[in-house]
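Take this structure, written in structure tokens, and hold onto it; I'll ask about it next.
Note that the chains take the letters A, B and C in the order they are written out, and that residue 1 is the start of every chain.
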Amino acid sequence: MKGRIPFLVLLLLLATCFSLATVIQPLAQGWSKRAGSGSVLKMLLGDSRRLFANHFFVQADVSFHSGYYPSIFDQAQAPGNSRHMTAKEGDAAEEEHEKQMNFLGPPRDWVERFGRHFIITAHTHLQGGKEREMLPWLRLSAELDPQKIETYTVAAYWLRDMGKVREAEDFLREGLRNNPDSYEILFELGRLYRNSHGDTARARNVWDLALRKWADQDAAGKKPDPLVLAEVAMNLARLEEKEGNLARAINRLEIAQKASPNPEVLQKQIDGLKNKPVAAPSER
Amino acid sequence: MNAVIAIAGVVITELYRRKDFYVLFVLTAVITLLTGAVNFFNDPQIVRYLKEIALLLIWISGLVIAIGTTARQIPAERENRTIFPLLAKPVARGQVILGKFLGCWLACGLALIVFYLFFGLVSGSREHHWPLVNYFQTLWLQWMMLGVVIGLVLLGSVVFAAPSSNATIVLVIVVGILLLGSHLNQVALQQPEPVRSIVYAIYFLVPHLEWYDVRDFIIYDSPLPGWADFGLATLYAGVYAALLLFATWLVFRRKPLNL
Amino acid sequence: MQTILETRNLRVEYPAQAKGQGRKAAVKDLNLRVSAGEVFGFLGPNGAGKTTTMNVLLGFVNATSGSAFLFGVDVREPIARQRIGYLPELTYYYKFLTAEELLRFYARIFGIPRAEADRRIDRLLKLVELEPVRKRPIRTYSKGMQQRAGLAQALINNPDLLILDEPTSGLDPLGRMKVREIIQRLKGEGKTVFFSSHELGEVETVCDRVAIINQGELKVEGRVADLVAEHQANLEQIFLKIIGYSPEGPT
């Protein structure tokens, strides 16, 4: 009997632990937001996952620049938005970005001069299909912070550019599920429908929805991005014009004009449309 | 020289009989292979993230092996009293330091070769090209940097009593230099005098280990620094390691051995 | 006869342990001279200064004043230890090495060519009876086996002078006998042995000359037979008398 006592004590402790667990487990659900989370990453990292998500998004940008990127100590600030990540050569965003990335300046001393030989010092952007190298970081960023909208739009832009339309659409739809009010994702989705599927009807629907979402957010005082509004409206205007709906096109351009940094250019377009002979609207 | 080589041989034997290196290598290999197995948008040509992660793990492992192995060398000799039969032979304390340095440095070199072979296999199998010269330069510069780190740890091991405190302090210093070393001059310019002069002096005094981190060139397929810069960086690391070893000898030559 | 080991007015002082205390002299003006081919016993109670003297001879500790020489070379020069073998009281070896690797390591330090080192390793492992376990790591050895591995490393360079610090301490009677046999054998080969021990019977058996120190001072030095005849007592009685011990209490 004496020899069995340690085993009996062990059994008793086990039974106690089991009983306590059955009582505490339902209570524990309410103790922490993490415990109830369906995502392993959310459970492990909590809200700090947003920090990691941001890091991976920046890493995608670093990858886009092949390692040439300002540090927090460099005079220039890191690119404030992701516009340059989807800008083509000659775009205003690209020119502004070019100035921003000229952060190195002349070396201050011999240490810095010599050290420059061991870092990448040329400002280049990935091209020729190499843009795919950004995608893993964007995927990780989205995984960690599903509410980071830029991740979806930038990734979808390049996926579309590489001919991976299905993957781009899936990713955007995933983004939309996580951010149902995102006019940015709707805008990108519309571009995909128009440019990749040639489905202007769906593009128009999605962009119209994007305009409504933008207006809702504006009304709610959330300060939505006016540049995206301008882009959505201009794209819609082009679509309407192509289909002969000049009145609607003018209306869209007027919306774009309110948000555009170059309203005078748009005014010329509006004037041009107003002077255009009216044709019968095409079938939608 | 016989004594130096013999002592170095024992250090290398110790490294491959201990489990540290194998654990780090297996960990690196498993993490890299698992990451490599992830499917990103059905695109098997994506490779740079894998190179980035593998090289980061190799850098961390290299530092851990260098610091972990070196930090315990002289304290363990003193604690286990193996230093006594050793110094009872015609071996000077300077030779003990040189032997320990050489052993740790060569051991790190061997470990790096294994790590880079693995890295070459993984990235080469995806990219289908083998920039061997680039791999060699990257490995070499990392190895040179580890030489300075080992010198720093050896100096720490005759100054600080506990290997753990030495390892922690050196790790903080090395990571600090890697992250901030090249920016200290910018920080100095933003400070008022005399802080500016002090920070600037530190900037010129610290070994600029960040030069030896040329991972980006491998990851982004850029041409590596020219051979002249490569040679100068090697010389700089050599001079720094010699300086640290000399300082270690100055401290250790008259140090009581806890008899 | 050639002088192998010599100390001249050797003095070693340690810093004060506490405030107000003076420096502590562990060895006070010690003069010793050991000639070639002698087995010299260095005796004294615990804390007498034996180990400190040995540490100076081996270069572990620097003398405060005076000097020490091995084969006429100042002990501060590493080359002075080229022709000596040292066996510490306890085994302090790299436990992850095998006995064979340990001997090869020390052979390499002495610059012994590979073929010669192989021959010596074989011979020494047989001498200390570790041949069957030569490929086993030292950490798996018993204390006696580790002590014998230590003796083998002390002999790897075929030394002319062996310095043994309590070579039989902690060994069983059989182990002690084996160590004694080896010392006798080395003596037969004309080697000089300088060793400290508490085993006075053992010292009496193997030593030609002894020195007894107490509180850092040399009290007696001479041939064992001469000391026994002079004091009309055995070595143990002489030792106890010198350190001031009597059955009734300290004198």
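Keep in mind that, in the parts below, a contact is a pair of C-beta atoms (placed from the backbone, for glycine too) under 8 Å apart; a residue touches a chain by one contact, two chains touch by 3 or more.
Nothing here was measured: the structure is a model prediction, and the numbers come from that model.
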item	value
Innermost chain by mean C-alpha position	B
Reference chain A; chain at largest CA-centroid distance	C
Between chain B and chain C, centroid-to-centroid distance (C-alpha), Å	41
Distance from chain C to chain A - Cα centre to Cα centre, in angstrom	78
Per-residue multi-chain contacts in chain B, two or more chains	none
Interfacial residue positions of chain B with respect to chain C in the complex	2-3, 5-7, 9-10, 13-14, 17-18, 80-92, 95, 254, 256-257, 259
Complex contact set, residues of chain B against chain A	38, 40-43, 45-49, 52, 180, 182-183, 185-187, 189, 203-204, 208, 210-214, 216-217, 219-220, 222, 225-226, 229, 232-233
Chain C residues touching chain B - in the complex, by the definition given at the top	51-52, 55, 58-62, 78-82, 84, 86, 88, 90, 92-97, 101, 105-106, 108-111, 150, 153, 157, 163
Complex contact set, residues of chain A against chain B	59, 63, 66-67, 71, 73-75, 108-109, 111-112, 114-115, 117-120, 129, 132-133, 135-137, 139, 155, 159, 162, 164, 167, 171
